[in-house]
Structure formats: structure tokens, C-alpha cells
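What follows is subunit A paired twice: with subunit B in the first complex and subunit C in the second.
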Partner chain A sequence: MRLTWRGAEFRLLLPILLLVPLGFLVTNIALTGALETGDMTLAVGFVALFVVAHVVLVASGHRGDQLILPAVGALGGIGIIMLNRLPQDLAGTSAFGLELGMAATQLLWFAVGMIVMLAIAVGLRDDGILRHYKYSWAAIGIALLAATLVLGYEVNGARLWIDLGPVSVQPGELLKIVLVVFIAGYLAETRTLLTSARMRIGFLSIPPLPYFLPMLVLFAAVMLIVVVLNDLGTALLFFGTFLTMLFVATGRRSYVLIGLILFVAGAWVAYQLFGHVQARVDVWLDPFADPLGAGFQPVRAIYALGRGGVFGEGLGQGLVTLGGSLTIPFVHTDFIFTAIAEELGLLGAFALLGFAMILVFRGLRIAALARDDFGALLAAGLTASLGLQTLIIIGGNTKLIPLTGITLPFVSYGGSSVVASFIMIGLLLAISHRSGSADEEAAG
Partner chain B sequence: MIATNVRRLGVYLMLAFAVVSASAVWWQVIEAHSLSIRTDNPEVIAARRSLPRGTIFDASGQVLASSEVIDGLSRRTYTDPAFTHVLGYSSLRFGTTGIERAFEDILVGQTDPNPIRDLIGDVLDRQPQPRDLTLTIDRRLQDFAAAQLGGDAGAVVAIDPQTGAILALVSAPTFDATPISGDPNGAQEPMDALRNDPAEPLLARARQGLYVPGSIMKVFTAATALDAGAITPDTTYENQPREEREGFVVDGFAIREHDLGGIQPALWPLSPALQVSSNIFFAHVGLDIGADTFLDYARRFGFCAPMRIGPPDRGLSVAASYVTEPVDGDCGPFRDNVELASASFGQGRTAVTPVQMAMLAAAIAGDGVAPNPYVVRDVRSHSEDGSPTDQVLETFGSGGGTRVVSSATAAATRAAMVDAVNGELGRLYAGQADVTLYGIGDARSAGKTGTAELGGEQAPHSWFIGFAPAEQDATPRIAIAVLLERGGSGSAGAAPIAGRIMAEWLRLSAGS
Partner chain C sequence: MTAEILRILLLLAQLGFVALLYLILMRFAGSLLRDLRSAEEAQISSRSGIGRLSVLESPADEPPNGTTIALGPINSIGRNVNNTIFVEDDFVSANHAMLTFRGRSWFVEDQGSTNGTFVNGHRIERPVALSFGDELTIGRVRMRLDR
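Our next item is the complex of A and B:
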């Protein structure tokens, strides 16, 4: 193993990491009105994490993509600055004899996630374990779902959480990854069959069903359970990721079209059948119809976006609480984008979207350069999942689509989400390393 | 192959990111300003939380509502529950209603009544200056009227027919708005109690309650028929005496008279027909008016559309009153002649607010001109010492009004209404509304009782509308509507209450 001097990564990390302590400083001045630095422990800790990650990648001679880590640093940096600015008692942990506030807890999860990411990025030299045991992965996924169904408890009407003593985890976050691994494995194997066989109904070429069946059955089962768990955001994310991977594997727009038609039909049926789906769509269409009841969150989010304007109210100067309660409930998870857009304005929102886009396009680049079909499909699937999740939650914040309770990767508060996102980055780095593309990139 | 598909996927995702970015632009740039001026914007609420709020005085300068800022929070105190359904409340938790809502920006000083000073203030980014309001209502009359209703559900609306100034606007039951407008942490419990109270104290009955009017509607029918030329004060219907006993058959449906007691039916023209409140006579009159003209005059008098007390942009809202089944917020067509005949004596599908019926009385009292009602008299600079300042910034109530019927029609209707209280037959029904019974020696009342049948076993609504002084050459100073929910007959319930309130006002206004 030889050192790789990851110069691009270093040069990009430098300004991003300097901005995080600056963000903490500005927040502290705005909140206290005193020209003092305040407690910088978390900012320093955040910087240290990324420095350590960079050093480990350099030391292990990692040749993976060099823009991924800075993009994650930027997203996570904006996130930790905002979480540090919000009231610290919104979330937190009192496990292991520690009393940690929200931002500190998030940083702790960043550390855990970073370790897992590095272990995968550096340690996963052979993806056979992923590819060959795809049905085992599927079984694990089903087991996770079953566990949620049996052991899970509800938060806000959706049963997503399992209590594991000191921490609660959302198995759905891990299921997301397992599902992508399974589908990538399955499609890599059957891709040729799927593209060569042709069945047509009118202008649509429909999938050769027999080859699809195992995957469709499994996927349908997962979707059904997720819908039963009332986790509509995750259902939408799974479905979108699935369609995207199908498109990447086959290149058939018609498959996506059929999928979308099925989705619209399914959504219509759900709207007719389930009161809570109907309620959510109605709130989406006209949140101002009940601004103090069902429409409270979306209405408050819209106002926060309006207050932010182009330049934002400034860090620490947004209207986070009103009379002792949050202006927007769940601002630290579902509505973190809104809080950022309020304080950092449209410019900050664009910066956030820009960093997410960089992450997505580097992920797609890894997929395009991958050495084999499995790696390509896995990278594309992971990237699509991260990208769609970002689009779904931000689109929900801006009322572009109905709001669903999923996290903004690396930005929202939440341990399961952070760790899962880091696992995905670890896998992307591992695939990227195997295609050995980093050196040329760094030279360019 | 896969690489190509990945590139295409990249294009689609880029488009998706562009759409999401555009949705952020929509709220943060395009809609930002219109969002910033909405009253339920938390920024506006937050500003209101800590800003001092202007005082509201009654017509005689007594404090009705005042604010003080405690621990950075503006808390509102109300002195008189009788005014709750006029002032509304200003709660940090439940928002604002009533005058507090209509005059929100003036009370907190975000808008200067003078547009030029307002613009200068905007440009200079001045701190908002709270302003005070003075009502047209004298607390003494409001309290007197509220006391007359006692603990019963009902409403009293009194208007100066010459100016449109509201003299009393009582809805009962009422509640003390201070607990829900003070400490926001303690506001939920009293609000829950109010919401769960079966007596519905949160309903502003005078403005928002819809009731079957019964016979007070005959004032409208009489004025309309006279004005449209359908009848003269001397018109009679030859079959009416017989129909009083046997019923008046309209389209196969027999309209029956109410219990006339010992009164023997006779060939009655307008005045005695109004005195005994003959349903048969007014059914004939309504049919002679015709459906189209009936609806046309209903709209002239203000029925069939929501009303406002005060200027259009700062009015207290009043629910629409209807003479037929509503269709898209307007009065729909009469289904048949039975409905038209029934509406003519205030049954059928009629549903009215006490304010609307007070306006009807005011229009007759005002020589056929419906005044423009208003309840806030003026805006003044903020007082720190509990009595109004001399600096009047804006006044309301420019007078004027809308002519709804001719002067001659108003005079003839008024004469019949004077008889309905003072006439030989009328005394038996509405005699208790006579102000001379309550210490006013030199004035007469005009009016009409109503006993609105609700069907089934329910007791009827008790109504009275009228005005005083009503003798020849006198200028009426108060027009009134009194409603007692399920209060029984108009004669026994609403009429004496109306008489006392009118007498009280004649006394108070003569003294001041």
C-alpha cells in the first residue's frame, strides 16, 4: 500500500472546514449579542473528523473520488451549523453517562458514520460479498422490515422506530441500502435478458415479466409493508430508486413510464382508500385552508421561506421560536432546509442544492466509470437514492410535492439517517477506488 | 451501455434539481412580499406579541380594552364582558377577532391613518406607534341592554337611524376575553372550556347568528308592497276575514292564521293587519308583490349578502341574511307561491341576523334611507393615562346611507308601526314596547313583535324590532332589534326589553 496524495480533496476541504467554525462564530454573536467565540468544541470536532477521514484515505492509498468527501463536508457543515443554532433540547442523548444536546449528538453520529464509511471505503476490496449473496441481503432487508412491523413504535403516525436501549434506530434507513444492493445484484445478472427480450403492447414495450418476477415480488412486498407502516416518503423514495436503477440497467424509458403510470394509479387508489393520504394531499393543495391545524407546518414553512428572501435573515436571526414553541415543528428533521433558507436565504438554499448536485454528479460519474455492471448499478442506485431523497424532502418543504417525513441526507438531525448516508458514501468510494479513477482526476 | 444511461439519468436529475430550485425562488423571491403582509404570518404575530397595543374606549371615554407589556409580551385586559362580541379578542395563542382584528394594524401602529405620514414612517423605518380607538357605543347602554337579556341567549342591536352609529351590540351569552388574551400559556384551558360549552358563548349572535324572523318580517313586506305599488295603506282582501278562520289555500296548501285570541277577524287594511299581525293579510300582500320584486327589495334592504359594520376594509363582519334558500351565497329563487307567501310573514326559508333586522327598523326610522352602520367613531393618538387624548387622527361615520324606499313609503310604514305598539289592537301584542311605560312621558314607540315558530316542540324565538321617538314630526334617535333565542312570544319576551332599552337611551342621550 502506498500513499496517495489526494490534493484536490485537501484543497476543497480546506475552505469548507474553515467556514464551519466561522458559522459557529457568527451564530454565537447573533444569539448572544457579544463579540465572543462561544463554545467551539463542536466546530473543532467536526473539522477534526474530516481531517482524520482525509488522512486515513491518504494513508491507505485510496484512489477513490476526491470531490465526494468535500461535498459531504459542505452539506454536513451547513447542517451542523444550523443544528447548533436551533434550540439544543429538541433532541439529544443521555446515553453512556453523557448528556449531549442536539448538535453534539449529531456530531457523535457523524463520528460513528465516518468510521463505518472509512471501514467500507478502505476495507471493501471485493464486492463479491455484496453481489453473490444478494438474496441473503434481501432476506436481511425483509427481516429488518418484519422487526419494524413487530417491534417498532410510532412517531407521528408512522411506525419506523425500534428501541435498542440507549438508542432508537430506523431500520428503514438500512433497508434502503440493502434493497439497492439486492436490485443491483439482480439487475446485473439479468440485464441482458431484460434488454434483449421484447414484448410490445401498442407503443409501449413492456418488460418480459418472467425475468422480472422474483424482483417484482420482493419489491412489491417491501412497498406494501412500507405503505402499511405509513411511511409514504420512504415508499416514494424506494419506488423512485427502483425505477431509476431499472432505467440505468435497461435504458428503456418505457419501463419508467409504465412505473410512473402504476405509481399514479396506486397513488389514486391510496387517495381514495386512505384518509391520511387524502388529508395529506388536501393539505398540500391548500395548506391555508386550515393554517392552525393540518396546514400548520407547511404554512409556517412557506412563511419562513418568504422571510428568508434572497439574502436570508442571517445566522441566528431567523424566527425559530414563537412564544416558547417552535415556529415550525420538526424544523431539525423534516424542515431543516426551510430553516437554512430562512437564515441563509435563497443563496444559501442554492449553495445547499449545489453541493447536493455535486455529490449526485460525482456519484453518477463513479457509476459511469465503474469496472463492472454490478458496481455501476450499485453506484447509480446509491446516488439516485441520495439525490431523490434530497429532491423529495426539499420539494416537500417548498410545496412542490406533498410533504413526506424523510430526512435531508447529511443535513437533517438523525443518527440512522447519518450513518446510512455515510455507508452509502463508503460504498461509492469503494467502487470508485476499484475503478482507480482518482489519479487522473487529481492530475487534471 | 450503462454509462450512456447514467449520463441520461444525470440530465433528468439536473432538470429535477432545476425545478426544485425554481420552487424555492417562487417563495423566496416572487411570493416573499405578499407573504410578509399576511396577518397569520408568524413574523407579524411575533411583532404583535411584544408591541404595545392601543386602548379602546367607549363613547364616553371609559377604557374597554388596554394592554401592557409584561416580560416582553403584550397582554390584553378587557374591562367589560358585555363588549366581548364587539371588540373580539387579541390572543397571542388564538389570533384576533372582532374590532381587534379589523383594526389590527392601527391598534399596533403598523399603519398610520394618514397615508402620507404612513409612507414617511415606512421610509424612515420608524417604530410602530400604537393608536387608540373610540367606539360609538356608550357603555351605560350596552351594559343596560346586556342586563336586560339576563342569563338568556339572545341579542340586542341598537342603531342611531340618522347617523348609522351603533348604540348597542349585545350577544348573550358572552365571556371574559381576558384569560385567553393574557398569558399565552394559560390561554388554552379557558378556550377549551368556551369551545365545549353547549351554550356556545363564542358565537357572536348579533352578527353571526341566523334566526327565523317570524312576524317582524312583515315590516319589510309592508314597506316593499307600499313602495312597489302593490298595495296602498287602504288595500283590503275581501276573502281575508273568511280565510282567517278557514285558511288561505295557496297552490293547494292551506296557510293558517296564528291564534288571534279573542280578536274577531274583520276586513283589515294595513294598520290593523300589522297590529294583529295577520299572516293571511301579509300572505296576500307577498303574492301581490311577486317573487322577483320581493327578492329585489330584499337585496336593497341588505338581505342576501354579507354586511359590514364600518368601512369596507375595516368592517365588523355580519353574516348574510336570507329570505329564500341560499344559492352560492345569494338568495335563491322562491320554489313556489307557498314559500313566497310564507316568507312574507317571516317563515318559509327566511333566516336573518339581528343586525339585519335592526337595519330594517333603522331604514324605516330614517325616512327610507338605510344608514351606513359603524361602531368605531375615531382613531386617536395613544393615551398613557387611561383617558382618551384630544389628538383625533381619523374619524368614521360620514353619515349618508342608501335610500331603499321612498319617504312616503317610510312614513306610511312608520304610521302602521306606531299603531302596532299604540293602537287599540296593537297594544295587545306590542304594548310592552311603549317607552311611556318606562318613564319617558313625551315619546312614542314604533315597532313590531315576532314570534318565530321553529316547528316541533321547540319554543319560538321572541323578536321585536322598532324605533323611538316615533310620533309625528319627531326624529327617531334609536332603532332596535331584540332577539331572545327560544324566548317564547315576542309580546311577552322581546317587546318589554326593547321598550326599556329605548327608554334608557332616550334618557341617556337627553342628558348628555
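Our next item is the complex of A and C:
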């Protein structure tokens, strides 16, 4: 095995290794009012994780993209600084005789995710296992959903969680990946049929149904269950990812147009039928109608954004407490962007968006350079999923769209979300490794 | 007084933190630009074609194992040396198959060969559209269509 000197990755990781300890230091000074470093264990642990990942990639001769790991490091770094700054009793684990606070638990999940990511990035030399068993993957996805439907329990009105002894998991996070793998496999096989054959209704050309129906049926089933589970954010995410992949595979604008029409129709029906959807939309349109009841969350979030302004209140100096507890609800998961925007201001929020954009840009580049259609579609789908998830939750935080509870990838607290996001990065690295080695062969 | 100094230090540290965030972003931008430039050069020098065939298995080593063949829009494949892609194998017919790029897709058509043309292990009866990554088997020679 040959080493590859991943210079760009190294150069970009260096300042991030500085960023996290600096963030911890500033937080500690602001919170205690004393010139002390405080407990740096978690910052050092976080930094060590990324150093180890970099070394493993170098040692295994990995030729994949060099910018996505640092981008993940920047997002995760901002996340862990914020989670360390928040009260540690918001979440945490007490398993195997260990009592861990919120930030420590998050770091633990980062370690798990990183191991999975490296295993995929280095170990997945052949995508046949993903490509050829796509129906098995679809079956696993359906099984995951069914398990949630039967065994799941509700948190905040959405039934997403399964209790597995010491940990609770969100199968929906894994389902997201499985679904992208299935759609990529299916579209790679039928892409040419979907583009060459055509049926027309009026001025719209629609996909030839015999080839399109199996995927449509499966997708409709998934959407139905997700809506029954009352997980609107995930439903929106799945739908957006699906449309993006369809467009990437066929290059037909009319398919996207049909999809959007279906979405608007579906949203209208859901608004008429379900009370909770109506409540969400009404709160979004006018949160101040009931500022202490239904509108409580968005009103708190808007005030926090206003307090932050352009420059922010400063790390550890914002986040008003009321009777000892923070006024922003779900500040460590759904509303972490709001907390970041309050303490680091518009400047910090823009930087965060910048890192997310770099991740998306590189993901699309990996898709464009992929050697085969399956790899290209998989990369495009994973990237669309990560990007849309970021867009949906930040849009919800800033009242651009109705709020739906999903996590901000790599930033929000949550084990399932962190591990799932790392799996996606692992797949992107594996895809880009194969096109990277191919270029090398062609050149030398 | 010490409280004042601490406040100023804290303010500086806060500014430093945000400045570092933007420094990292600038570095990313630099890397992105470098990559775009080198990609442009690479595009000009090598990867401007519409596709290529990677030779996965070739018992007689013609085409040589492990090489890639750049493709034009129309490629004939067979044991006759006048074919665009000359294949040396006893199981290959003189004019075996035709590989063409039409519109936005690759198509392969058998030219009435004795032993048939296979796509991903299935024998084709009529012209078939190929996706990048598909495997083409002609006689005992296995090739993969790549971008």
C-alpha cells in the first residue's frame, strides 16, 4: 500500500485544530469571569479524532476528496463548542457505569461515526454490494420503518425513536441513506430508458410508467409512513432528495415541475386534513398571535436572532436564561443554529453556512467526476440530502419556511444523526477515491 | 481594574475567534480555486472525450489488459483488423459489435456475431443503451464503459 500525502487536507485541518480549543477557552473565560483555560479534555479529544482520521487516510493511500473532512471538522467544531457552552444536563448518557454530559456524549458519537466513516472510505473498494443488492437495501429500509411504526415511541409528537437498551436510535436517519442507495441503483439501471422513451400528457412529458412505477410505489409507501409518523421535516427532505436525483439522472425539467406540482397539491391536502400541519403553518405565518403558547418557540428564536445582530453577543455571553433555564427551546438540537447566530452573530452564521456550502460543492464535484452512473447518482443524492437538511432546519430557525424538527448535520446534538452523516461522508470519500485512482492510472 | 482588562481580553479573544473562522473559510476558498484551475488543465489535456473502455480481461492481451481505449462517436468491434477496436480472441467474430454514442447515451448493437454480445452478463438481442459502469463482454474479452 502506498502513502498519499494529503497536503490540502492537512493545511485545512491545522487552523481547525486551533479553532476548537480557542472556542473552549473563550467560552470558559466568559462563563467563569476568570482567566483560566478550564477543562480542555473534550477539545483535545475532538482535535485528536480528526488527526487520527487524517493519519488513517494518509496511511491507507486514500485518493479521495481532501476538502470534505476539514469541512466536517469546521461544522463539528462549531457544534461541539456550542454544545460545551450550553448547560450539560440538557442531554447525556448514563450507560455502562459512565456518566457523560451532553458535549462528552456528542464527542463519543463523533468517535463512533468517524470509525464507521473510515471503515467505509477505506474498506469499500467495490460498490457492487450497494449496487446489486438495491432491493435488499430497500427491504431493509422498509423493515426499519415498520420497526419504528410498531416499536417506536413518541418524542415531541413525532414517533421516531426505538429504545435499544442503553441507547435510543432514530431509524429514520439510516433509512435516509438506504433510500438514496436504492434510488441511485434503480435510476442508474433505468436512466437511459427514462430519458429516451417518453409519454406525453398535454405539454408535459411524463416518465414511461412501466419503468418508473416500481420506484414510485416504494417511494409513495415511504412518504406515507413518514407522514403517518408525523415527521414532516424528514418527509420534505426525502421528497427533495428524490426530485434532485431524478433531475440529475434524466436532465428533464418537466419531471421536476411535475414533482413540484405534486408537492404543492400534497401540502395543500395535508394542510386541510391534519390539525398539526395547520398549526405549524399558522404559527409560521404569525408567531406573535399566541406568543406564550403555540408561537413560543419561533418567537424565542426570533428574539435570539435579534439579540445576536451582526456581531453577536459573544461566545458564552448570550443566551438569556429565565428562571435558571434557557429561553430557546430545543437549543441543542432543532434550534442550535439560533444559539450560534445569537452568540456569534450574522458573521458566525455566515461562516457556518459557508462550511456547509463547501461540503455541498465538493459533494457535487465528486458526483461530476464519478466514473459510473451509480457513483454519480449516489454522490449527488447524498449531497442533496445533506444540503437540503441544512437548508430545511436553518430555514425553519429563521422563519423562512415552517419549522420542522430535524437536525443540523454535524452541528446538532444527536447520536443517530451524527453517525448517519458520517456514513454519508464515508460513502462520498469512497466514491471520490475511485475516480481519484482512475485519474492517476490514466495520467501515469 | 482587572475586570476591565479581562473584558478587553475577552473582546479580543472573541474577535480572534470570528477572525479565525473567516481565515479558515479563506483557506478553503484558496483550495477550491486551486482545484478548479488544475481541473481545467486536466480537462484540456486528457478528459475531453465522450467515454472510454477499460479492458478488464483479455486472454490474448489484444487489447492489452488493464488499458483504457478512448472512444469516438462510432466504434466497430471485431477480429477484423479494419475495426476501430481490434480484438484478438477465437470467440470473437470478424465484425462483432457496434458501439455508438447517440444523443446523450451510448448504445451497443450486435452485428450478427456467432457467440453474441453480453451487457452485464446478459446476451443482447437488439440495440441496448449502456450506462457508464456497465460491463461489455465480447468473446472472452471483458470491458467496462467509463466516463
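Here, the second predicted complex is superposed on the first by the 435 of 444 C-alpha atoms of A that agree within 3 Å, B and C clash if a C-alpha of one lies under 4 Å from a C-alpha of the other, contacts with A are read in each partner's own complex, and residues count from 1 in each chain.
Here, a contact is a pair of C-beta atoms (placed from the backbone, for glycine too) under 8 Å apart; a residue touches a chain by one contact, two chains touch by 3 or more.
Just so you know, these numbers come straight off a predicted model, no measurement behind them.
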*asked:* With the two structures overlaid on subunit A, would subunit B and subunit C clash, or do they fit side by side?
replied: fit
*Quick one: classify A:314 as touching subunit B (first), subunit C (second), both or neither.*
second
_Per the contact definition in the header, classify A:373: touching subunit B only (first), subunit C only (second), both, or neither._
both
*For A:327, select first, second, both or neither according to whether it touches subunit B, subunit C, the two together, or no partner.*
first
*Please work out whether A:185 is in contact with subunit B alone, subunit C alone, both, or neither, and reply first, second, both or neither.*
neither
_Applying the document's definition of touch, where does A:11 land relative to subunit B and subunit C: first, second, both, or neither?_
second
*asked:* So if I put the vertex at the Cα centre of subunit A, how wide is the angle out to the Cα centres of subunit B and subunit C? Nearest 10 degrees is fine.
replied: 150
_Partner chain in contact with A:76 - subunit B first, subunit C second, else both or neither_ = neither
*Can A:302 be said to touch subunit B (first), subunit C (second), both, or neither?*
first
*Name the contact category of A:361: first (subunit B only), second (subunit C only), both, or neither.*
both
_subunit B and subunit C, minimum CA distance [Å, superposed model]_ = 6
_On subunit A, which stretch or stretches are contacted by subunit B in one complex as well as by subunit C in the other?_
251, 345, 361, 370, 373, 376
_Touching residues (chain side subunit C, partner subunit A) in the complex_ = 3, 6, 9-11, 13-14, 16-18, 20-25, 27-28, 31-32, 34-35, 42, 46-47, 68, 103-105, 129-133, 146-147
*Show which residues of subunit B lie in contact with subunit A when the two form their complex.*
1-10, 13-14, 16-17, 19-21, 23-29, 31-32, 35-36, 38, 40-43, 45-46, 49, 73, 92-93, 95, 184-185
*Interface residues, subunit A side, partner subunit B - complex*: 244, 247-251, 291-292, 299-300, 302-303, 305-310, 319, 322-324, 327, 341, 345-346, 349-350, 353, 356-357, 360-361, 364, 367-370, 373, 376-377, 380, 384, 387, 391, 394-395, 398-400
*In the complex with subunit C, residue positions of subunit A that touch it*: 8, 11-12, 15-16, 18-19, 22-23, 25-26, 29-30, 33-35, 66-67, 70-71, 74, 78, 188-189, 191-193, 195-196, 251, 311-312, 314-315, 344-345, 347-348, 351, 354-355, 358, 361, 365, 370-376, 438-439, 441-443
